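Heads up: the structure comes next, in structure tokens.
So that you can tell them apart, the chains are marked A, B and C in the order they are listed, and the count of residues begins at 1 in each.
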Amino acid sequence: MWLPLHQFGVIMPQQVPRLLLVFALALLALFVVRRVLVPDTFGDIGHYRAAAVKEIAARPIKYAGRAVCETCHGPIAEKRLAGNHRGVGCETCHGPAAAHVASPIDVKPTIPNTREFCVTCHAYNPSRPTGFPQIDASAHNFPMPCKDCHDPHAPVPPVTPGECSACHAQIWRQKALSHHSQLPCTTCHQVQEGHKTTPRAVRPTKPRSRELCGTCHASGAAGGPPQIDLATHGTPYMCWDCHYPHFPETR
Amino acid sequence: MEGYIYPNEFELHWSLLIVLYPYLTGLVAGAFILASLERVFNVKEVQPTYRLALLTALAFLLVAPLPLLAHLGHPERSYEIFLTPNSRSAMAMFGFVYAWYLAVVLLLEVWFDYRKDIVGWAQAAKGPKRWLYYALTLGATDVSPKALHFDDSAGRWITVLGIPSAFLLHGYVGFIFGSVKANPWWSSVLMPVVFLLSAIVSGIALVLVLYMVTTMARGKSIDMPCLDKLAQFLFYAIVVDMSLEVLDFIHRLYESEESIAILSRLIEGRLFMSLVVLQVMLGTLVPFIVLGLTTHSFRPRPLIQVPDELRRLLYIVSAILVQIGIFSMRFNVVIGGQLFSKSLRGLTVYKVEFLGIEGLATTVVLLLMPLVILWLLVKLLPPWQDAEATAPGQS
Amino acid sequence: MPTDAGASGRRDLPVLRDVVDRREFVEKVAAACAAGLPLMLGIVAVPGAGAQTQDGKPYNATEHYYGMGVDTSKCIGCGRCVNACKTENDVPREPGKFNTWVERYVIRMDGEVEVDSPDGGIAGFPPPPTTETNTRKSFFVPKLCNHCASPPCVQVCPVGATFITQDGVVLVDQEYCIGCRYCIQACPYGARWFDAEKEVAAKCTFCYHRIAKGLVPACVEACPTGARIFGEVEGRATPLARFIRFNDIQVLKPNLNTRPKVYYASLDGEVR
């Protein structure tokens, strides 16, 4: 045995010190490697490399943000903020403009002049929320560019919409395929003109009494709309609590 | 693709390589548990397979990290698992469990068991082999009875330590999947247990096959009591594993959580071949019935007396079917868990590449590599009792 | 100021139409640049110069804790947000790589739900698979990383390459990530993806490089209807505070206890 431990009364088999040496060397190597290879900022804030946060925060910016556009394009921004596109940022249509802010003369943002662009938002799609202005892209003044009639920075229909379908297209289309297709919207809803220009400020009315539906459905006429006894059918609920007036065939 | 999957679920992220890793570590754990049967539980009959099982475990353990390294986006950064492991991550356990198991359990056990023979081979060999064997002794060449007694008791203690270590080695892999609450196919308390039990099944089956193949290749006669005992333990392991998997299945059906609809579609559709046919019927039921009928598991005599040659054939066929079944089980867990969307609304497909680092060819190579390494180990450290007296390479 | 729309083809220099002559224009621009210089320096970041807010003070992450609001009743499914995010963050324009995306839900009359997200909604949505008369209701749902307060993705990263910052943003250290993809598996919302070029995990960063300078994320900037609201979860008064106060708020998959910080208003029960 090469370890003189027997002097201290410890008798150890030959294998033990050899193995201990091997393991000790391995552990030592691990500690040395750890010192060298673990990045400096690791563990400063949490179990991660703190420098990574700064690296990510220093990435280049492509969209400048609508606040910056106002500093040079004040009048257009004011016009936009007073119009129907007040919630639409400049770069939503004009694309990323940080490069333009950095060198305004040399780099210009795009100007989307085509129909295809406006149609991305305004083409009819039944999944869009009701009241959002939508058009049938293949029919509405095809193939003129939208900007010819609508100022993109303060869009207003050049002619006040005559039909409710301009904004409520999904309801209109569903109703058009139903038994109520011949009924104009004003049969049940009273609409003041202000609703067509300031829709959220001036709202149409909704019916309040069963008698309105009873006009057709409790008239006693045969061969026409389905008849019910207004006094007993479905009391005490209103008709539209159960039936969907825009598409009465369904539940 | 059918139904709806999240856009980012367009590609599967864990491929065949990740199927391979639990399969390989499972074989390691299983082979080691088998070896411990003899060492700790004194099951004398399986003594002929003891050293073979240890070398098998070592060969497969050496290959086990390779599919992981091949899969990583940055394998050159893989040392980070050892240096800055996230104590909350099951995967971070890999560094320590693997290093512990390789160094403290497996290498030490092999060393203690072989040391006397290595010393003998070192003295008898010539040339560079002599230096190799001397290096392997680490300079501890004392073969006095006291030293040998120390070897023996140290080996026994390491095996005792090694059993829970083997449980941990494969159990943590099951926990990697079982702890992912985002995935209802994986998230299960039973996952680590089922992984471990199927590992034991596959390990025993592997040693059974290797024992038969190597014995026949060497032209020796197969020790039938040993083989019968192996088959018996394989049967017991299958019974326990099968019971837990059936329990998991029944439990899922009974609770019928929201994911049951998409998971049913998954099993009936995408996973029908690999799960119902390969894993359950061929990989579990057939071996269960065959081994149940022919082994000595129930009474002193088997349910059906079968002559030795036929019994050997049935054993090896069962063991190979078990391997296919356990590999399918890993496939069904890893790939199956990614074939359905976390929106629970759709299924996707796994397109297996043939070439490429995550492809079928790489998988086959990685499956064969441990056998090659085992062959080298067997050449270097022969596990056969009849070769102990002479040095390897000499007749 | 009259807008002679269409009278002339020259719409490429609209600013010129607002001023009298070129010299006045140059003076105006020079004055604006001088006034906006600190603003511009703060916004157009020089790499490595360190984050600064718009009033020039260094950014202190411990003073903020970010979250986001999504009002699905306002989303029109135009996909501007998806497009802006990919532009701002250099996300590959391929399938399967989205920091944010928009889903469309169509609930039929028989109660069946159809969900789709064509290329994440980046180019809007084609007509739905079901006709008007077969549709009970239909709506869009923007999705993104929820920057959970108990992120399961951070929990499983073996090396500490993904983490949650002091200001509540879950980020990926792409110089440290080993590409094991465990975080992608652990995310219940499908918010993470694998960057095949850099071979690391990637995800929405709440545009950390923008919010550290007092800007809003690109998707919030681009949304034309105000369906996305950015702000802070606690402490400061931000638009998010108002949003949470005045709407009935839900989060995605609350049973998983990831404590998401993206708050949805008008979230239908069918949304997963």
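The rule is short, and it goes like this: a residue touches a chain if its C-beta (ideal position, glycine included) is under 8 Å from a C-beta of that chain, and two chains touch if they have at least 3 such contacts.
The model shown is predicted, which means the values in this text are computed figures rather than measured ones.
Engineer: Could you name the chain whose Cα mean is nearest to the mean of all protein Cα atoms here?
Structural biologist: Checking distances from each chain centre to the full centroid gives C.
Engineer: Taking each chain's centre as the mean of its CA atoms, which one is farthest from the centre of subunit C?
Structural biologist: The chain farthest from subunit C, judged by C-alpha centres, is B.
Engineer: Take the average of all CA coordinates in subunit B, do the same for subunit C, and state the distance between these two points in whole angstrom.
Structural biologist: 46
Engineer: If you average the CA atoms of subunit A and of subunit C, how far apart do the two points sit, in angstrom?
Structural biologist: 10
Engineer: Provide the C-alpha centroid distance between subunit A and subunit B, rounded to the nearest whole angstrom.
Structural biologist: Comparing mean C-alpha positions, subunit B is 50 Å from subunit A.
Engineer: Where in subunit C do residues touch two or more other chains at once?
Structural biologist: 160-161, 176
Engineer: Residue numbers in subunit B touching 2 or more other chains?
Structural biologist: If we look for residues of subunit B contacting two or more partner chains, we find 84, 86.
Engineer: So which bits of subunit A are touching at least two other chains?
Structural biologist: In subunit A, residues 42, 47 touch at least two other chains, as defined above.
Engineer: Please name which positions on subunit C make contact with subunit B in the complex.
Structural biologist: Checking each residue of subunit C against subunit B gives 95-98, 101, 103, 113-117, 119-120, 143, 152, 155-161, 176-182, 184-194, 198-200, 256, 272.
Engineer: Subunit A touches which residues of subunit B in the complex?
Structural biologist: Residue list for subunit B touching subunit A: 79, 82-84, 86-87, 103, 108, 112, 115, 138-142, 146-147, 150-151, 154.
Engineer: Mind pulling up the subunit C residues that touch subunit A in the complex?
Structural biologist: The touching residues are 1, 3, 5-6, 11-12, 14-15, 18, 28-29, 32-33, 35-36, 39-40, 43-45, 47-51, 59, 61, 73-80, 84, 87-89, 104-106, 109, 123-125, 127-128, 132-133, 135-136, 138-140, 160-166, 171, 173, 175-176, 205, 208-210, 212-213, 215-216, 218, 221-226.
Engineer: Can you list the subunit A residues touching subunit B in their complex?
Structural biologist: Against subunit B, subunit A makes touches at 13-15, 18-19, 22-23, 26, 30, 33-34, 37-38, 42-43, 47.
Engineer: Residues of subunit A touching subunit C in their complex?
Structural biologist: 39, 42, 45-49, 52-68, 71-73, 75-76, 79, 85, 87-89, 91-92, 95-96, 98, 101-102, 104, 108, 111, 113, 120-121, 123, 125-129, 132, 147-149, 151, 153, 170, 173-174, 177-178, 247, 249-251
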